[in-house]
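Input: structures, listed below.
Both of the next two complexes hold chain A, though its partner changes from chain B to chain C.
Showing the complex of A and B:
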């Protein structure tokens, strides 16, 4: 009896290092995985993979998805799941294309009106959630379906090929603008992440978003303006989806009902979950989201360079996803102990 | 006598020269027979008389939209086989259904001499980017773009019209016999999120509608992108029109075969007539059983289309003329046994 009693007192002093190492590994698992991933592809194809051109390709792929995923992270932290981003993005791009390419309105006007339309869709989402009291998962699913139908009807009224062509100047030149040799979209992505990092970590708004997502009732009782936060999160998610879709459509010179907001990485929800943002709200780090987005872009680019077979590719993506969720799950379990 | 000898000598000399010319041609360029032999059971047609010794070591590059799909998988096999046959370097990427325009930047790092993609959504952006770099671009099944003078493959609209022609043939025969005085509907199985499908089945619907002078109510679009399955849509359409007959064209083979089977299960096989587009092995297997409602398919021969893209790209690099790809072969119940034996061997009993 006496032999077993001192054990708990001795254990923490004997094993602090492995536990600290484990915690470090789990906290930075995605970053370590990214480094390993880069090392593997760099070894397999040093000339192409490590070139500046490929670096920008990876960052461009990251940027097209990353901006939406950044705002999506805010929505998830606030406890809102938005399933309409793909359709909201597509219909915004189609409306933009209709105004700019078919009606030949000025670029600036078409862009502002399209973004206002996206904001309106985000507000409708938040109205359904706040006023009609429909869970965001269902409300956004319904609006997304409506948006898809709207996109199809606009396209079918103006095109027989399922696309509205966007080759009217100067859109392509603007989208492909480079600032000191770096694509403008990449600079924009890093700027968005920096602003959101400050917002989430150093402002009262950020703290309120975490509080709302973690425990909505407690947040409300503490005087947090929950409705305003939900409106903010869903409106900016919709606007970011619209913006990303216009960028993708402009770069692809056409807008269609399936303009891929998620790019080659799948939807923003997948990318956000992959980066460790919990579905239940109140958790998630924006810097980890950025690493997750870059990880997925490197995976896409690397496997394309190595011409990995589609079957192996699908398995590797699945394994990476399971691995990321596993690390996050273990980390959360250790943190709650 | 002298004249006779002279004429004889002249004839022999000219024959020798002609033979030498033929031999010289054989020795320097590939013949159509050599291409047929090299492409195995597919017996691909030669599109360009390419030299056996190229003027440079050409490097070709292509972004495949999704090799996991049987059609594009076969295109890839054909491309790689042709590249190996001609002894040129071929860089291939797979965008797995995503956009090509970003991956294209990585493809350019390989410094290819001729490039190509298929994705209907952003192929013009890729062609424009290739033009920026002064690299010839030859797309695949997308038709003309203002950013490149080269066209290759079967444009989706033409493929749809070819399917409609075959379907019209089959439906007309039924209207003259057991479908006489029945209400006819055209079912367009498509996916509105895929522009290639909209273009393809849309062209088929227009051609069919014009031929039979149908009104809009008799053209039913069944859109997979709505979330409903093709089987659900087929069954609800059959239920809504219990006395009608249906002519069907899907965007790809599988999108027509599943509803066809559903209609058979529902006891309405006699009321449908299906033509599919693509012509891989699964539709060939089904057609071989001579089902009442499956008239035939338009065979694109993806292997040969892939082979032909390599030939056309090399022709551009070498400055040689190339012919358009013409595999719009219609396969019906009348000739499926022969075609099946050519491609897959004798069918098992």
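Showing the complex of A and C:
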């Protein structure tokens, strides 16, 4: 199975209409939900929500989480669940801050070393998965706990406030660079999604990733290099988590070990599941992930414009998530029928 | 002749080696706990005082109680990640009912038990009727519970000024604090249930082979539902103890005494509960919880930085996972 929906050779001409409609709704539910969501917020607060400023806010929020979620989607398609992203991100950002702000090393060097460290963590994750043969879910949860401890110990030996200050000048300017009036991070996000789209849909690597997630046994027997793919997926997830955390730290001018809070739906796993990437591997579409990320960003910005109480906010997020996973389970059942 | 002899000898030797390895894997935790106690008895001041022993037990009680329920769910081959949501909601419910609505303490506890049954039913509905992978379903229900708790508490921590709750916690029947009684009672009940009742046998059967259990007439769905309800109940119980100790509701379940999912996982894996279900003993889990608690306590008494403990905890988790994987392959 190379794609989410195996196409029958001869398309049955007599698909009952209600089912066709249902299928269309389920496959494009997220897009429809996004349109409805924008319509609701736009009618509730037309002058603020529909401004260019808010458009950029939404895109910037999407870019912050979106890059990690994109690579996370690859990992999930390959059948790997990574629960260590928050902690890998934290320890990468803290080590970056330590090199850049305390040892005062040049920006490029600190950045490259921090990213190499994140890659190493991804490599350890994949070693646990491939060599020790532990399910990725547990391996990454374990490594995440270790990373959290490491982050805390680096912070505590360098600072008393629980945060490492990052106020050396060049960093923030670089993060806030704008190209033709568009934030560089937003451009980067769209570039990442485009590249991953091509990679997943038009290269052999992409086909192999879907095949590995869909049926690991069959993929291995067909000579697919499963170990290399798992290593690839987990390393890039860890690196993107580190990159995002450095970006957040640079914008906030300090690095700490608190998990980047984003309400109930903060983690990339939840965002990816929300976007309909199957957990069992082999299914998921990167364009749907992008829509999901934007949906969540619109939700965040819209609710803060409407001044929704934190109570209602976490309720809405939690319910949206439950709703999304229920819809996804219905879709899978219809597809396999 | 000679050939078959050596073959037999070689077979016996690998058998012996395997048996030794298995023996080591099954019992290393007991040995490690004893060695740890001996080490700290010499190196950590005040380690072997009655007060400290009681302190260690009390500090292990909350994670321990949660782990008991978590273990039972794991044994059915299900993973319950709703710990933090249940902790938060139970704690806030306890504070709201007891403090703000003035419900008497016994009734509060009774209503909380009802609430935890409902919480377990929500998770099991998503897993069984929604056919969603348990980890994701419980992440979802956890999100809903967290949202509800933030709403009930209006986004802040509720201070409890009525003294009965904390007084009840500080009672010492037979000189032993209430939370230790609750901890041992949970494990005793769990032990009896798992080893001497039909439900226990069904739990192991469901976890070790779901389809076979279903085909032999075991009500697998009901077994999983009951396991989730048990886990929700023990988690709520732990939440009440933590709330009583702090005299505050736990916002998001992460403030003082909050339960970390990773801690519960570490304890369960160190205790040899298999993640694939059906394998493991609950009493070994209790030892694992005590092991972690003793380690933490001893390091504190020796004056090491709290961060060291966090790193060690992470290493323990990774180690437990590797040991579990090695055991699987035997």
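Quick note on the criterion: the second predicted complex is superposed on the first by the 315 of 337 C-alpha atoms of A that agree within 3 Å, B and C clash if a C-alpha of one lies under 4 Å from a C-alpha of the other, contacts with A are read in each partner's own complex, and residues count from 1 in each chain.
Assume contacts are C-beta pairs under 8 Å (C-beta built on N, C-alpha and C of every residue); 3 or more make two chains touch, one makes a residue touch a chain.
Remember, predicted model here, so these are calculated numbers, not experimental data.
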Clash or fit (per the criteria above) of chain B with chain C on chain A: clash
First (chain B), second (chain C), both or neither touched by A:326: second
Partner chain in contact with A:61 - chain B first, chain C second, else both or neither: first
Contacts of A:217 with chain B and chain C, given as first, second, both or neither: neither
Partner chain in contact with A:48 - chain B first, chain C second, else both or neither: first
Chain B versus chain C as contact partner of A:279, first or second or both or neither: second
Partner chain in contact with A:152 - chain B first, chain C second, else both or neither: both
Partner chain(s) touched by A:314 [first = chain B, second = chain C, both, neither]: both
256-264, 292-300 or 328-336: stretch of chain B that collides with chain C: 256-264
Chain A residues contacted in one complex by chain B, in the other by chain C: 145, 148, 152, 155-156, 264, 309-311, 314
Contact footprint of chain A on chain B as seen in their complex: 66-68, 92-96, 98-99, 101-103, 105-106, 108-110, 120-122, 124-125, 128, 146, 192-199, 202, 223, 225, 227
Contacting residues of chain A [partner chain C, same complex]: 128, 132-135, 137-139, 141-150, 152-153, 155-157, 264-265, 269-270, 273, 279-280, 309-312, 314-319, 321-322, 325-326, 329, 333
Complex contact set, residues of chain C against chain A: 126, 130-133, 135-137, 139-141, 143-148, 150-152, 154-155, 261-262, 265-266, 269, 275, 305-315, 317-318, 320-322, 324-325, 328-329
Of all residues in chain A, those that touch chain B in their complex: 48, 51, 53-54, 56-57, 60-61, 64, 145, 148, 152, 155-156, 160-163, 165, 167, 172, 248, 251-254, 256-260, 263-264, 300-301, 304-305, 307-311, 313-314
